[in-house]
Amino acid sequence: MILHTINKLSALALCRDLISEGDKVVLLEDGVYLGLQPLPFATLAIRVDVEARGLSGRLTKQTESIEYSEFVDLCTRADKVCSWF
Amino acid sequence: MSSILYVFSQPPHGSINAQEGLDALLMGSAFTTCSVLFVGQGLMQLIEGQSTDELGTKNFSLGFGALKDYGVNRIACSKPDLVASGLNSDDFVIDVEPLDAAGMQLLIRDHDKVLNF
Amino acid sequence: MNFAIVVHGAPYSSEACLSALNFAKAVLASGHSINRVFFYHDGAYTANNLIAPPQDETPVGEQWQAFGIGNNIELIACIASCLRRGILDETEADRYEKSGSNIAPGFTISGLGQLIDASINADRVVTFGV
Amino acid sequence: MILHTINKLSALALCRDLISEGDKVVLLEDGVYLGLQPLPFATLAIRVDVEARGLSGRLTKQTESIEYSEFVDLCTRADKVCSWF
Amino acid sequence: MSSILYVFSQPPHGSINAQEGLDALLMGSAFTTCSVLFVGQGLMQLIEGQSTDELGTKNFSLGFGALKDYGVNRIACSKPDLVASGLNSDDFVIDVEPLDAAGMQLLIRDHDKVLNF
Amino acid sequence: MNFAIVVHGAPYSSEACLSALNFAKAVLASGHSINRVFFYHDGAYTANNLIAPPQDETPVGEQWQAFGIGNNIELIACIASCLRRGILDETEADRYEKSGSNIAPGFTISGLGQLIDASINADRVVTFGV
């Protein structure tokens, strides 16, 4: 499993094709706005970034909020981390 | 005295730039006629319910409530960008006038200077 | 005609800082004037006097200094932008009890009112964003 | 006439609808890459930015290279300048 | 010893970041097995005929010619992004292996670490 | 598990600088370790000791200092990034005959080799880009 992070809307185009079945995707910073639109994969969004932007309760069902501790845990379970920005 | 249109196109919190843009708008409105147009991700500055206590950035969206008191003339946003965002005006901290392309072009034409942030 | 120029980008980090300089030079070369250059956001980093780039790279900050001093043009770095980014003159260094100042010659730290004043009074205002 | 400047690809979306008949558009910095694709309006691209990126001879016919002096001249002939970034 | 895949996604000259990315790749290749994947606007770093004398930025595209000498293993780019750019491999300063999505995914899988620039 | 963390963004200018700090804190809180934090690109600005932000804004740079010193974690600012951006320690200030140094406590200026070494030897490397 590879963990991908996305920190802004424009970075989606860079990684859209590179996310394999079984990979995980973390949305952080301005990347959490991607949680407003339908995506071809499920995502995990950093809760403090979601709340800072007023997006609590506004995100699609395929986006789940997580804490930094869960982000760290995902890193340890992934083979590697790939950051898209 | 030159009138100034401020165009806000950046989302909040990802960088300080949006916040520094609002500072410039408030300063400008003390000196001359100012309006503001939110476009693209700039609309995200307006979302109600931003809660930044834990992140530690400044919730400057609260400052938009003061725009009328500061005498800011027109407060507008791009209607196409609003529709594309999936949000609507009810999601915003203040009343904003959605403008179509022709309306935005007129707004730009009606001001002497444009400051983009 | 009189221009106000606004710079949002730092040397190297953003070409905006260099584009604005090239534009400013062309303004003067065309016989026009510049009422003020205002450095906002990361543009404030341009005023850092401690930059020491490799010899084969254009020293954009130094070129701005030379341009401002040589043509007697006001280069204003926004005070709020500067404080957040660690660009201080002696007054601010004393006020915040910092170890020293690092503002480059030719630059002045001043308030956001200088941006508004320049924008209102210039014939044209041109922003170099990031 | 309003003069628009565009300094990166993503800024096109911000201004595409705001460019009126008779307006002028200057591409600078990474905005000159827009000269590789068909656009709904003619553009003027800063020559030193075009050359730095190796785009001389690669741009569409609706893109013309200009000097900074012509950029300044366009500013004086425009009613105002609008910068998209 | 961990192998490293460098992913370059930023265009040159608009900021120093692409140039600093190449510096990191050259440094990395002195220590361990490295490969590089160009995606998105990162492909623009490869365009032949960059002439930066007048602009004054550094034409670091000339450095790509040294990648083989530095022992950089695979030099690849996104085939979909190459097609979308309107460019082709002949426009590049060096030979680059265009990879489809599956090929890029395999490249990522084949390296221990990924450094994005 | 051992982490290397790479930071590309400056305080305020990019949330990356803050996200990386939150991540680093969570790494330690989860019982893992950090072999090095490497500040590259504009991340080098984090090491500027002259930052004086408004009192109601999070002093991200200071928090990094406290984090590095308090947990005995290496905070390395890339020397090439620092020279281009005007972040100097005393050695570099002397070498380039600059008026002073401005490196913050807890930060060390060092070469790009430190990024490679950290990346190779960590179990995971995580980049916070801009």
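Note that the chains are named A, B, C, D, E and F in the order they appear, and that numbering of residues resets to 1 at the start of each chain.
Everything below uses one rule, namely that a residue touches a chain if its C-beta (ideal position, glycine included) is under 8 Å from a C-beta of that chain, and two chains touch if they have at least 3 such contacts.
Predicted model only: the values in this text are computed from it and were never measured.
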item	value
Fewest hops from chain A to chain E - one hop per pair of touching chains	1
Most distant chain from chain D by Cα centroid	F
Copy-to-copy rotation for chain A and chain D - C-alpha atoms, rounded to a multiple of 5°	180
Far-end chain from chain C, centres as C-alpha averages	A
Length of the line joining the C-alpha centres of chain A and chain C, rounded to whole Å	37
Computed distance of Cα centres, chain C from chain B, in Å	25
Chain centre separation in whole Å, for chain E relative to chain C (CA means)	33
Touching two or more other chains - residues of chain C	8, 12-13, 15, 41, 57, 80, 84, 125, 127, 129-130
Of all residues in chain E, the ones touching two or more other chains	13-14, 16-17, 55, 57, 113-114, 116
Of all residues in chain A, the ones touching two or more other chains	7, 29-30, 48-49, 80-81, 83-85
All chain pairs that touch each other	A-B, A-E, A-F, B-C, B-D, B-F, C-D, C-E, C-F, D-E, E-F
Chain F - residues contacting chain A, complex	1, 3, 8, 15-16, 19, 22-23, 25-27, 29-30, 32, 123-130
Touching residues on chain B, where the partner in the complex is chain D	7, 9, 39-40, 78, 80, 101, 104-105, 108-109, 111-114, 116
Chain F to chain C touching residues, read off their complex	10-13, 41-42, 45, 48-54, 57, 61, 80, 83-88, 92-93, 96, 98-102
Contact footprint of chain F on chain A as seen in their complex	5, 7, 28-30, 46, 48-49, 67-69, 71-73, 75-76, 78, 80-81, 83-85
Footprint of chain F on chain B - complex, ascending	13-17, 55-58
